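Read through the structures below before going on.
After this come two complexes, each holding chain A, first together with chain B and then together with chain C.
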Partner chain A sequence: MNEEISFWILSAIAVLGALVAVRKRNLIHGVFALLVFFAGLSGLFLLLLAEFIAAVQVLVYIGAVGVLLLFAIMLTERVAGDDDRRMISRGWSWGLLAAAAVFVVLLLRPIQQLPSQDAAQPIKPSVEALGHKLINPYVVTLEVLALLLTAALIGAVTAAQGLSMPKEEDSPE
Partner chain B sequence: MTLHHYLILAAVLFCVGLMGAFTRRNAIVVLFSVEIMLNAANLNFIAFWRYSDNPELLHGPMFTLFAIAVAAAEVAVGLALVIAVYRHFKTVDLESINTLRE
Partner chain C sequence: MSFELLIDILIATVPLMLIFATVFAFTTWLERKALARIQNRIGPNKVGIPCTRIGLFGLGQPTADGIKMIFKENIVPTGADRLFHLLAPILALIPSMLVLCFLPLDFPWLNENSVKAFLLDGAVIFFFAITGLNTLAVFMAGWASRNKYSLLGGMRAVAQMISYEIPLVLSAVIVVMMVGSLDAAEIAGEQKGGNWFVFYPWGFAAFVIFFIAALAETNRSPFDLPEAESEIIAGYFTEYSGFKFALFFLAEYIAMFAISGLAVTLFLGGGDGPGLAVLPWLSVIWFLAKIFALIAVMIWLRGTLPRLRVDQLMGFAWKFMLPLSILNIFVAGFAWHAKQLDSQFIMVITWVISLAVLYGAASGLNQLNRGKVRPREYKYAE
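Here is the complex of A and B:
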């Protein structure tokens, strides 16, 4: 019963957060709505007894990605967002239609065809086992991931510095 | 709560993200729509893991962990690219960045 109430509250928070983040004109407000969405999702992970993933969600998304997005917004356009004419792209109705079609055809139907499955069995706290798994079978993946993050860091710095475009020497008139 | 509740919630979130990516013109908003979609996928992983027959194998959380790390790298690179594009074009409006088409 309690679980049901928390599920509905958390999913309402997540869906509303996502909707506001996507629709809001002011980008800063949008990022804060996105943070609310991440928090709701972290609560859902807790509800599914994935406590470590919930903690990682808070640390990585609310902590790091949120700050990164705020900085990127403040480094680019006007913070207050676009004026009325420029918020929505030209073919927006097709986009909306495509999203609805994906939902109904690609997602809803297979989900309904899944055998219904209720009340999972209780499970043990998984943090310790996760740590062991990271070292024993998944150590190569972990190292590759470390390499990827390093490469992404270097790449991000290089890209953000702006590869100085070679000056177009006196273009032909 | 059944598995279906979580799957439908994840599908709704995914489509909200898809809608944002399709209909907004600001590159940063498109980036965070992609984040919403990635998070919906993570919710699916965790839900399938929780309702699977042997959750002690921990496949779901491991995959989610790696997906979160890759998504973090993606955000960093994506935002750096947005900033680079802004430097060059003086806008992040996706419909005015169309020099490849001309």
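Here is the complex of A and C:
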């Protein structure tokens, strides 16, 4: 019962956050609404006893992606948005149709076939098991991912440095 | 939800808020007194018992400050984003309060069966995840004020907090490696009987890095660039007055308590201390005493050190703390493997080698960085 109430509250928060994020003209408001959505999602993970995923959701999406978005927005012009520009593009009905088609064709069947489980089974603490899994069977995947991220990091630094030569000292005029 | 459960939850959470909010008030008094002493002043000494001339060393100052803050006018700038201007101090306070739940405080009124505020397997990782939200609050405040100094302060805070979060987490990783758990209570339990991690070379290095990074994370001096009064007029809370300002103040101090509490849990043995066998409830006292010791050091540093420059700030995080903390992880890894061999001789050698490596690395990095930092050039003033 408690879980159900929590589920509905968190889902409402997530859906509202997502809606506001899409509809807001003001970019900063949109980003913060998106963060509310992430927070709601993290709460849902917590409800599913997936603590680690919930923590990572907060750490990566709210902490890192959110701040990154804010930084990017600070570099753009007209943060507050244009009032006379339409928020809904003309082909919105086609988009809705495509979304409905994806839902019906791909998602509806698996959702119906899901076994109805008890809400809260006693589960062993998940973080430790996850750690063992990451180091034991999936260690190669982890290392490859780390390598990929390092490559991306070095690439980003190179891109940021650009082709500009090291500048000479500014001579006093 | 049953009534008993509600009562249990309240018993677990309300004391945390009450204790730390009360302690906050007197920490401000302590800080002002200590700073005054360092700067050869007297500090608050008038406000004591009302309608008398009894000063009580100014102990009434926090109450007077609180009353002043509540009744002060709440000013919102015309161009400001009213909603975010209101939300920012609240968003600053919530994460700082929330992370207090992860500290392994064994209050005497909690027993085996009672609800713990928040007992998670991954408490440490949750702690870092939620303290990261402070950055957003600071940015929100800076942006919503529609004031260039506020925005500068907000941007400074975001850059600084992101940079210093990395050494902060990496130095905590060492303890997690050594214990093999992310559970705060288990980490504290591992250090029972004086076996604190700060007494090992790698633990000591990690503790120093953690403490410095914690100073930067909580915007304490000498890392108080986001709120530098002499440069950007208090930064992100320039446009805040009244109770919203008080909330920022409260959030900052609660964050200090929380991060000191994590430092105590990770490196200073949690509630460990003498006399626990006779009086088990002493562990809370020891825990709070250790937090206070760290806070006292923070106050002392604020009275002693000048503020860093922005280039020094970033250079210190990326060129000194980050390499050192990564090296420290390697040292701790080798030490862990040496410990598995269970030999006194090898342990001594490990100590000597790790001390030498860490000292050498610290002084080497210091030498490497020294040449790069030039004295400030004044372009527009002579």
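Here, the second predicted complex is superposed on the first by the 133 of 173 C-alpha atoms of A that agree within 3 Å, B and C clash if a C-alpha of one lies under 4 Å from a C-alpha of the other, contacts with A are read in each partner's own complex, and residues count from 1 in each chain.
We take it that contacts are C-beta pairs under 8 Å (C-beta built on N, C-alpha and C of every residue); 3 or more make two chains touch, one makes a residue touch a chain.
Worth saying up front: this structure is predicted, and the values here are computed from it rather than measured.
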For this session: Check whether A:147 is in contact with chain B, with chain C, with both or with neither, and answer first, second, both or neither.
Result: neither
For this session: Considering only the touch criterion stated at the top, classify A:159 as touching first (chain B), second (chain C), both, or neither.
Result: first
For this session: Mind working out whether A:95 is in touch with chain B, chain C, both or neither, as first, second, both or neither?
Result: first
For this session: Go through the superposed model and pick first if A:9 touches only chain B, second if only chain C, both, or neither.
Result: neither
Exercise. With the two structures laid over each other on chain A, which partner does A:52 touch: chain B (first), chain C (second), both, or neither?
Worked result: both
For this session: Count the residues of chain A touched by chain B and by chain C, then name the partner with the higher count.
Result: B
For this session: Quick one: classify A:32 as touching chain B (first), chain C (second), both or neither.
Result: second
Exercise. For A:105, is the partner it touches chain B (first), chain C (second), both, or none of the two (neither)?
Worked result: neither
Exercise. For chain A, what residues appear in both contact lists, the one with chain B and the one with chain C?
Worked result: 52, 56, 71, 126
Exercise. Tell me, which parts of chain A touch chain C in their complex?
Worked result: 2, 28-29, 32, 35, 51-52, 55-56, 58-59, 62-63, 66-67, 70-71, 74, 125-128
Seminar exercise, completed: In the complex, the residues of chain B that touch chain A are 1-9, 11-26, 28-29, 31-33, 35-36, 39, 42-43, 46-47, 49-51, 55-56, 58, 60-62, 64-66, 68-70, 72-77, 79-84, 86-88, 91-95
For this session: Note which residues of chain C are touching chain A in the complex, please.
Result: 1, 81, 84, 120-122, 125-126, 128-130, 132-133, 135-136, 139-140, 143, 155, 158, 162, 181-182
Exercise. For the complex, which residues does chain A have touching chain B?
Worked result: 3-4, 7, 11, 14-15, 18-19, 21-23, 27, 30-31, 34, 37-38, 41, 44-45, 47-50, 52-53, 56-57, 60-61, 64-65, 68-69, 71-73, 75-77, 81-82, 86-90, 92, 94-96, 98-100, 102-103, 107-108, 111-112, 114, 116-121, 123-124, 126, 129-130, 133-134, 138, 141, 145, 148-149, 151-153, 155-160, 162-163, 165
